[in-house]
């Protein structure tokens, strides 16, 4: 049985994601994303489940930074988890009783409508995570009456879900990824995503445009881009890219080879099935078949067989 | 005297940024970035100081999201604040006494070296912010012995700085911006930055490349890019761009007009002096003088005066 | 009544083009394209009709070179003339009698099928132009039995058209332009073409791509491109561009202003109605209305009215 | 001994080019470029020497058209021939005697300064080629007193060179190529040129830009481009490209494979040593070594060996 690290404590959305991605796995709670990834690098865990995008728990920037530094790791799966907030309290608590509410600031932001409407007089106190809020509320003698967090946190700490779906929007999702040590890649499924990090060789107007041209000229569509300073001085950036397709695809392979040639460095983060199962539109001239045909044509031309 | 909102509680790096940007201002602590910006929109505060990039306190994503939604606001200044962590404790505490350490998870991540070296046996507990950690440690009877946070938090809550610069890297900076209601822009200084958000009209391979070409063809250099899902369904993105120059510059004006023409929507977030004072390299053919000459040439050509 | 110069002698396709473009004009035959354009520059003629593309009479390269050097001139109209060859001979000549055939080498090339089929034994002799061939054949005592040329040449020199449409292809057209001294441009019609010449500021990989981006980013579609060496040393080129639209159009004006800024020099050659009457597809975001709206938006932004 | 076809008659600049490129070869004069290339296709000649660029004799357009249609041929060498005009006359003729001058219209254009200065009263008559002019002048009883042409034409027809270098510019060169049947390509020399023709799959704004991006993204610098209508209807073009490097180079091979994938058709015309011996500047990331390294990196990545 495999052991998987996650961003704890018990009851976070990360744990919820882990339980969906690997229901059978043994779980290892870690205090931050860096600790979860280090557990994988050191072999303490077989893989980690960490938030990559749009996370409530603020994990994005640190996930990226931790993936970029240290020993290479490999993303092998992703999950899009709808973010559903619940109002959690000790048995016997009713909404009118709630005077002191504990939650993570991002959850506070996303539940402002509910709080204004249903708990207009409650004092809202910030916690380190939604799970920590639930844990605190569950303590006997806690000064807090309720927490806002994942329903799973309620289960963990013995709280009741006295209201569900209390977020202002019902379309918020967090993207989680499973990250392991280098190993053979997941096989292409036809609806895959690839993640890489590229470090600019030099900064000048149009430098990013050159990188993106490596993708667009081979018909590879980006689904995410983010620049981040390297921390090695002003004007030095790296770019985090997610794009459609698997590195086994001819167009993706040629694109990231091109990136590798023109960048100071490229770190491959993984090719894995898209959680939404959407297959890419393959532009004319960029299918594997067309790459193979063009390769045969080139071989003939190089021999003068016109 | 103006009143400025910031991401509280008292003692955050945001407060430190505010005190540098506007030493005379009255300060209004807010529980999250959204609340700070709302205070500006409603006229409760004259402006807000919020983190935009590389923040410890997780403010980035919410700052962007809050700037993109709701009534337009205007960035009028930026500050690059070196992040210096201090070990804060009640008078009389010495390092060997510290058994329980409270801090924000991101600070935990960035001070791992110090903690492993100096506090190998301490239990590290997560707080909602570094300031909240200091506030908690300062309480009489607190179960925690020390906090890691800004030295300003120590001053606020009566803690002593028993070690300074305890971060693993000494080059980390957080970028803060001052945000106000729409008003005449800061005058160009020759070393300015402009921030905008662009919503794609449609998603297809090369769509982002088209946007970036609007910048590069006028010699406008990007300093930051980030894609974010609109939340209105898969495949819908908006892009946050920072770039060199002031919207009063001819090349910047033409570039964002082009962006406006080809995008579903563009939100202008401001032109303001760069904190680092670095003037852009102006590529041949893209200075204001050259734009003016080309405009005169075009006027002559349109009249047939060759 | 205006006087128009053309590439003579009488009976060329250039004369035919002139008679269609300006039936009423007085005609001035010139020995070469340079002489015709010089006649315009000196005021001897009001305008000239010269071949620009796909000419039989070899005029293209010299037309471009003559337009690029010397005093600026302005293209005001174009004509697509289907090239129809006729077999021309003195009265009484029949096909079996033809032993010696005179024509221009390009006409020879284009009528090879007819000659092989109908005149397999004829000796084909090269002339300076198809009109000169007809002129020669018409001389009493000419050693030649027939010429291949425009039917108009037969009329001029008193030859009969003993076979018509003797070219191998029936879709060949030559593009002629009318060229005058600088003057107010023809009004936009909605289906216009613009011609310019651009001199590279410096040669490097991607230099041409940069020029073309000035067009594509404003949605201006090229209909013709040709690089030509400047004659000032290896690696120095200029480019001849034809593209859709009128310089009065916002997108065309901005594109050629951009070209003017980044090139060593740009020579505007004219905006004039397309002979084929085809209106351009105007890409989203590049209509005059959208340019005007973007300009208004920019003006508001520059004043901080968001 | 090989037999080479050329654009005749004897005494043309094409013959001069042939004698430089293949001094030992048997020569076959042809009436036009098409005939010369057909002689190669049918095996009547082993190769042909034809003008490709900036030709006086009007061969360019027909050379391109003939290379594009019919059985594929291969360019194996090029020559840049300085165009030097001589004034040629029968023995005993002196400049003041010249009343009637015979030459090709393009030579007339290029020698206008000399003619105006030295032969202001001479009647200039157009011939089919400069060689034909010399041939005619050499005939006993010719009505012409002198010809302007290549000095080689004087040698052929027994004329004296009574003035040399009579062109207005001394930097004019014509580019000739040797064209043979498909065969193993000339080996790369480090200073090579490649010629291809590409047919657009569909015409739209930016279509040409897409083709050029296939070159620029691999650091391949164009040295010549020309669009030409296919003759199959309005809006259908093909493009003639010359670019630096040999198809055996990794960057050139990938670029033309890309062109092959996205175009309706690509015709490879040859890779051959540059006449000027100039080696290309190889941009960072586009050398054969860097392509090989990137290929190895990709192979490792595809196996998950990070």
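Chains here go by letter, A, B, C and D, matching the order in which they are written, and residues are numbered from 1 within each.
We take it that contacts are C-beta pairs under 8 Å (C-beta built on N, C-alpha and C of every residue); 3 or more make two chains touch, one makes a residue touch a chain.
These numbers were taken from a predicted model, which means no experiment stands behind them.
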*Going by the contact rule set out at the top, which chains touch both subunit C and subunit D?*
none
*Compare the two sides of the subunit A and subunit B interface and say whether they are made mostly of the same residue numbers, over half shared, or of different ones.*
same
*CA centre of subunit B versus CA centre of subunit C: separation in Å?*
58
*Find the geometric centre of each of subunit A and subunit C from their Cα atoms only, then give the gap between the two centres in Å, rounded to an integer.*
59
*In whole angstrom, how far does the Cα centroid of subunit A sit from the Cα centroid of subunit B?*
22
*Could you tell me which residues belong to subunit A and also touch two or more other chains?*
213, 216
*In the complex formed with subunit D, which residues of subunit C make contact?*
31-34, 53-54, 58, 60-62, 66, 104-106, 108-109, 112, 124-129, 132, 169, 171-172, 203-206, 208-209, 212-213, 215-216, 219-229, 231-235, 239, 276, 278, 281, 283
*For the complex, which residues does subunit D have touching subunit A?*
72-74, 182-185, 201, 210, 213-214, 216-218, 247-248, 253-254, 256-258, 260-263, 267-268, 284-286, 290-291, 293-295, 297-298, 301-306
